[in-house]
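Paired with chain B in one complex and with chain C in the other, chain A is shared by the two complexes that follow.
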Partner chain A sequence: MSHFYHFDTLSLHAGQTVDSEFGARATPIYQTTSYVFPDTDTAASIFNLERGGHAYSRITNPTVGVLEQRIAALEGGSAAVCTASGMAATFCAITAILGQGDHIVASSQMYGGNISLMKNTLPRFGITTTFVDPTDVEGFHAALQDNTRLVYGELIGNPGLDILDLEGVAAICAENHIPFMVDATFNTPYLCRCFDYGVNITIHSVTKWMGGHGAAIGGVVIDGGNFDWGASDKYPTITDDYAPFSGINLWEEFGPSAYAMRIRAEAMRDIGPTMSPMNAFLLLQGIETLSLRMDKHLANTKVMLEYLSGHEQVSWVSHPDLSAHRSHALAKKYLPKGAGSIVSFGVKGGRDAGKAFIENVELASHLANVGDSKTLIIHPATTTHSRIDADALVAAGISDDMIRLSVGLEDVADIQADFETGFRAAKKIANS
Partner chain B sequence: MYFEVNGKKVFATTGGKEFDNKKPAVIFLHGSGLDHTFWGLHSRFFAFRKYTVLVPDLPGHSHSEGAALTSIEAMADWLNDVVTTLDIENISLVAHSQGCLIALEFAARYPQQLRSVSFIASGLATPVNPALIDNAENNPQAAIAMMTSWGFGSAGHLHQGPIPGNSMLSGGQKIMWRNVPDELATDLKACDAYENGKVVAPKIGGPIQVILGGQDRMAPRKVTKELVDHLSNPEVHIVTQSGHMVPLEAPDTCRDLLKTFIFANNPAT
Partner chain C sequence: MGFSTRQIHAGVTPDPLTGSILTPIYQTTTYVQPSVDEYMTKGFTYSRSGNPTVRALELKLTDLEGGVDCSCFGTGMAAVQGVMLAFLNAGDHAVISDVAYGGTYRLCTKVLSRFGVEFTFADGSDPSAVAAAVRDNTKLFLTETPANPTMKCSDIAAISEIAKKAGAVHAVDNTFLTPYFQRPLEMGADMSIHSTTKYMDGHNATVGGAVISATMEHGDAVRFIQNSTGSIMSPQVAWLTLQGCKTLSLRMDQQSANAMAIAQYLEAHPKVEQVAYPGLESFAQHDLAKRQASGYGAMLWFEVKGGLEAGKKLMDAVEIWSLAENLGSVESLITHPVTMTHADVEEAERARVGIIDGLVRLSAGLEDVEDLIDALGKALDQV
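Our next item is the complex of A and B:
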C-alpha cells in the first residue's frame, strides 16, 4: 500500500537534502549571491533551463529553495516561489498571467494591501478588478467578463472573517476556464489545503502564522499544478514561446509547474522581489512547529471567544467558529480544526472606548501584523484599512468600533488579565 | 508540435528546437500514465546539442488524441508509424518503465533506423499488482498514490527535486491526474499482459544501455536482472540514490550517462 510522510514530518524535513560535506542537520544559510559553475557547459545549460541548479540568488538560492519545496509539500502543490513579502507574492502571482486589458473578479473582504493593489495600482498597468461580496458565490459568476483572467479571494476574509465557499467558486472558475487564486495566509495548510477544493494557486504572507514569530517578512506563491493552461488561448505568458529563454515553451516543458516557472523566469529575474536566505532560514524554523503552534493558537482562541462573548464591555464578537457567524457552516466544512486565531470584536462605547482599550493593554501588542506567537491587536479602520474609502470599508465588513485580535500563544489567563485592564479603561470612557 | 498518425493528432515536444529529421534523433518514451513532461530535464539538453528531439505523448495521453493503445506490441507499431510519418533516421531511443517494453518490441521489429537504445528502470516484463489495476479503473486517486509512493525514492518522498522550488513528487502526481482513469488503467493492463520480452530482448543488436534505480521498488533488482541477462552486452549503471523515477530523481547523473552513451553511439556533428 501507499505511504507518504504526514504533515508534521514534512514540516520538519521536506525539501532539505542534508548537507553532504559537513552533515549539518539544520538547513544551512547559503548567504551567497552566486554559485561557481563546474564548467561552461553546465553554466550554459542552467541558464538555458536545460537542468536545475543555482546561478544567482535573485532567482534561486538553496536555503530559499528548501523553504519553497517545504511549503509546496505542505500545500500539495507542484512548485512554490518565495518572495520578499506577501504583497510581492500577490503582485508576481497576478502579473505572471495578467496584463494590459485583463480583468480580475475579487472578494471585497480582503487585506487592505490586496484591495489597494487591485483598486489603485494594477489599473495603472491596465488590469482592472470587480469586487464582489465573498458570501455571494453567484456574484463571482455575475461579475465575470470576456476579459476576466483571474478570480481571487481569501479563504478567511481579513478582517471580516467571512469564509469563502471554495468549492462553489472553484466550480464557476472551472466552468469558465479561469484560474482560482486564494490568499491562504489566515488558514495555513495546517487548517485547510485549498488545492483539495479546486483552488489552482495559493499565496501566503509567510510573515504570519507560517513563520509565526514576527521575525521575518516573506511571501510565497504555490502552483497547484491543476490548471490546464493549454486548454484555451487566454494565457499566452504560459503557453506561448518565451523569447528571453531561447523561445522556451513553459507549458510544454514544465507542465504542472509551468506557472511557477513563469514567475521564476520573469518576475524573479526582471523585477527581483527576492527573499533573503536569512529570512528563509527563520521562516523554516517557524514552519518546523507550525502544527504545534496552530493547535495552541486555536485552543487559546476558543477560550478567548468564550471570554469575550460573555464580557459586559464587549458589544459584539465575530469569529467563524461561533454558531451565530454567517460563515459558520462553511467554516465547519473547510476549517474543521478551527477557523484560525483572528477575532474581531467591538468595545462598548465606540471608537474612543476602543482607543482606550488598545492604549491600556500591555501584554497584547498594538501593531500592524497578525499570526505572531504573541497576542496582537489593532484598530483596522484607522490603520491596516485606512487607505481604502468608506464604501470599501463597509464592503470589507469593517466597522468604526472594530478591534482585530490576533490570539497569541501566551497563557490564556494572562491574556484575559491584560484585557481586563483594557476593558476597565474602556468602561471609564464609555461611562463618561 | 502536433502531427497526424493514423488519423489522430499526436503531440510531441521537441526540446525547444524545431524538429529536423536530417539530424540524429533522440526519441524519449514515457511510462504508464505519464507524458512528455517527464523528460523535461533531458530533452532540452539534447535539442541544444545538435540532436533533433521527439518526446511524444502516447495516444490518448495528455495532448495526444485517441484512445490509449491496449498492447505493448500495438504501441511499438504506433511508434514505427511515428518514425515513418516523420521520416526519422539515426535514432537513439531512450525509454522509461513501460516505455522500455515498447522499446524492446520496437527494437526487435524495426531495427533499421536504430543507433542505440537506453532502457531506464525496467525489467523484461512488468506484472502489475491487481489492486493497482483495480484502483486505476475505479479509484484513480488511490492508484496515483500507490504508483508515486512506490515510484519515488527517499528524496522524492521529501518533495525534493532538481529544479529549485519544484516538488517532483507532487509534480509527478499532477501529470498522472491528466491521464486517469482510462489511460493509466489501459497502460497498466498492457504492461501486465506483455510476455514477449524474453523472446525479443536477445534479438536486439547495437549499443544498449541500462540505467537502474538503486531504491527502485517498482522494478526491483530481481526484475531488472532478467532484462540485463537477456540483452546482448548492455552497459549497466545503477544510480544508488534513486527510486523508479531515475530521470526525475537523479537527472544530472542520468543525463550524463545518456550523454556519454548517445554522443558515442549516435554522434551529431
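Our next item is the complex of A and C:
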C-alpha cells in the first residue's frame, strides 16, 4: 500500500493490518518474549529465514514490526530494523557491513555520540574514520581510501546546522561503489526523503521528532534498497554465504532488503539491541502526528528566528533558513518546507551569560535531548559535546557561548516571554 | 488441574495470529467490524464494553475462583460499587460486615445513602447478629473476611444460608485470602469481590478490581453496571495483573509463612500488648479461620504497650517496612488504619467494632523474614 498513499495517510496506516482476531483498531502491544510454533517444520523454517514469522522478541516482534514497516514506508525504503536507541541503530548499521581494517569517511559535524563512536569505539575493532568538513563535497572524495567502505553524514549537521549536499556526496559514493549512510534524525522523512537524492541507508534516533513526545528511546536503520552490493567484492557480509543460517546468501535471497536482513540476522540475534514493544507502541502513536507536529515546529521556529535575530542580548543566530547562513541554498533545495527546528544562538556576555540564560528560563527545559514536543535548550560545549577535544569542537562549529535551542510546540508567545526572563538575567551578567 | 497450573494458564491461549505466548496488550478503543451484519462476531466493539486483554484476566479469575463469569473494574472500590449498583435500588437494604475496609464503609454511608439505600453494619462473626439484621427489603449481604483491619472472620457458609433464606445475594470480599486460600463460591456465596491491587497484582504496580459470579444471571447484572457506569480496568493494568497472578500461590505461601513468624515473634515480645493473626491459636476465631480457609494470609495487627503514641513512634522508626496504604504486595507495608485506611469511619463506630487507636496493621511481604523481624525489633527497642 505504501506506493499508493500520501505521507499523512502512510503515517497513520502503513505497516498495520487490522488485527485479524478481534479487529482491534490500534496495534496490539505484543509484550511477549516468545511465540508458540504450530509444528517443528515451521519452527525450523523460521529459524533458517526460509519464511517470515516470529520466534523470539529479541529478533522480531509484531508491534515493533508495524513500526518498522511504517517508517520504511515514510522514508521510501525497502525495509527497516528498529533498535533500542539511536546509537544502537548507528552501531548496527555500520557493523553490519564493516569490519577490521575498514574505513569510514564521515562529516565532522555530527551528533557527539556519533563522533565518539567513530573516534573512540570503532577504532578498538579496527574500523577507522576520516572526518571531513561537510560543506566541502570534494573533501569526501579526497578522503576516500582503498579500504573505505562507508560514507556517513547528517543532512542537518549537529549542532553547526550546515546542510550536507546529498546529491554531491551521493555521486562520489556511487562512482566508487560505496554506500552513503545519513543520520536523518533532524529532518525526518517529512522534511526530506534522503533516498530521493541517492542516499542508500538512513538511520534515525526515533526518540526525537519521529516519536515527538520525549516518552521513549529508540532508533531505526532503513535500507534504501538502492545499493548494488554485488557490484564489488567489498561487502562479503551481504554477498557471501552466511554460515549461521545454513549458508543462506542474503543478497540472492533478499535482494533490495539484504542489508536490513543482515542487521536482523546478525545484530538483532547476536548483539540484541532490541526495541521494546511498549516503546514501539508509543513511537507509533507519535508518528501518527508527525506532519502536524513538524509543521508547528517549523512555524514556531520561524517566529523564534525573527525574535532572536532582533534581540539586543543575542550576538548571533544560526539556522539554515536564514539567508545569511552558508548552507541557505542547500537548505532550500533539500528542505523546502523548512530546515528543522534546531536553532543555535550566542548570548552576549559569553559563557557566564549563556549559563545565566539557561538557569533563568522556566518553560524551556534544560536537558540533553532534541525534538521533544516541549522546548529544550542546552549548552553543547559543556554537555552533549563535552567528550570531544577543543579542536574537534571548532571543527564541529561549536563555540563557548553557543546555546542550542530545540523549538517546541508551545504557544510561541510563551516561549518568547520565557526567553525574555532568561535574557534579563544574562544582561545583568553581561553588564556586570 | 491444580491451582498453580491454572494460575499460569487459565484464560490465556497463544495468540492465533503470531503464536505470542502471552496475551497482547490490546491498547485500543475500538474494533473494526467485518460488516454491518457481522457486528460483534469477533466479540468486541468498544473497549468500555470489553477488551481482549481484560477479558483474558476475567477468564483467569473466573477459573481461579471457580465461578462462571467475571467483570474487572478500574479499582477494588469500583468492583464493590459494581455489586451494590447491580443488586440495590432505592428503598433496598443491605447487610454489611461491621468491620470492613474504610472505603466500603464510606461508599455505603456517604454515597449510596444519598440514593435511598439503607445499610446495617452487622457483626459477621456472629451469624445470629447477621440474621437479626435482615429486613423485608434486604437484597444484599456483603461479607469481608478476614476483615480489614481487625482480621475478624465471618462464617461464609452460615451467612450464605441466611442470605438464601432472605432471598438476597451474598457477596464476599475475598481480597485478603484470594481463591488460593479461600473459596467463597464453594461455600455458597454468590459472588467474590477482589481488589486486584493487592495479591493478584502483588507488585504494587496497578490498581484494579474484579467481581466473580457463580451464576450467569448475577454475572450479567454486574457486567451491565461495568459497561453502564464505565468504571473499567485498562488493558495495561489487566496485562500486568495477568503476570502477577502467575506467582500468586508462591507469594501467598511465602508471605503467609512470613506473617506467621512475625505474629509469633510479636506475641512473645514484652513491649507488645496484643497481636491478632488468624493463624495464632490465641486468635478469637482461629478455629473458623482454619475451617474455612487453607491459609491465614499475610495480614496481621498488633498494639504496642503505650497505645497510640508508642505505635506512632514505632511506625516512624521502623526500617524496611514502608509506611503506606495498600497491602498484599511483595513489599512489606505498615499502616495506621485510624489515620489512614479507616479515617472515614466515625470514632464511635471504630470503637464499637474494635478498631482501636493503637492498632498497627502489617502487610507481610516477601523479604527475608529475619530482616522483617529484625527491623520490627529495632523499632520496638526505640519505643
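In the analysis below, the second predicted complex is superposed on the first by the 429 of 432 C-alpha atoms of A that agree within 3 Å, B and C clash if a C-alpha of one lies under 4 Å from a C-alpha of the other, contacts with A are read in each partner's own complex, and residues count from 1 in each chain.
Here is the rule we use: contacts are C-beta pairs under 8 Å (C-beta built on N, C-alpha and C of every residue); 3 or more make two chains touch, one makes a residue touch a chain.
Bear in mind the structure is a predicted one, so any value in this text is a computation, not a measurement.
In the superposition on chain A, A:F281 makes contact with chain C only, not with chain B.
Contact with neither chain B nor chain C is seen for A:A331 once the two complexes are overlaid on the shared chain. Applying the stated contact rule after C-alpha superposition, one finds that A:A353 touches neither chain B nor chain C. In the superposed model, B is the one of chain B and chain C that contacts more residues of chain A.
When both complexes are overlaid on chain A, the residue A:V407 reaches neither chain B nor chain C. Once the two complexes are laid over each other on the shared chain, residue contacts for A:I178 go to neither chain B nor chain C. Of the two partner chains placed by superposition, A:V105 touches none, neither chain B nor chain C. Look at A:L150: by the touch rule set out above, it reaches neither chain B nor chain C.
Contacts of A:S246 after superposition on the shared chain: chain B is touched, whereas chain C is not. In the superposition on chain A, A:I429 contacts neither chain B nor chain C. Common to the chain B-facing and chain C-facing surfaces of chain A are residues 53-54, 62. Residue ranges on chain A touching chain C, taken from their complex, read 18-38, 53-54, 62-63, 277-278, 281. Chain A makes touch with chain B in their complex at residues 1-5, 10, 13-17, 45, 48-54, 60-62, 64-65, 68-70, 72-73, 76-82, 225-226, 230, 246-249, 252-257, 260-261, 264.
Of all residues in chain C, only 14-22, 24-34, 42-44, 52, 239 touch chain A in the complex they form. Interface residues of chain B, counted against chain A in their complex, comprise 13, 16, 35-37, 40-41, 43-45, 48, 62-63, 142, 145-146, 148-150, 155, 157-167, 169-171, 174-175, 177, 251-252, 255.
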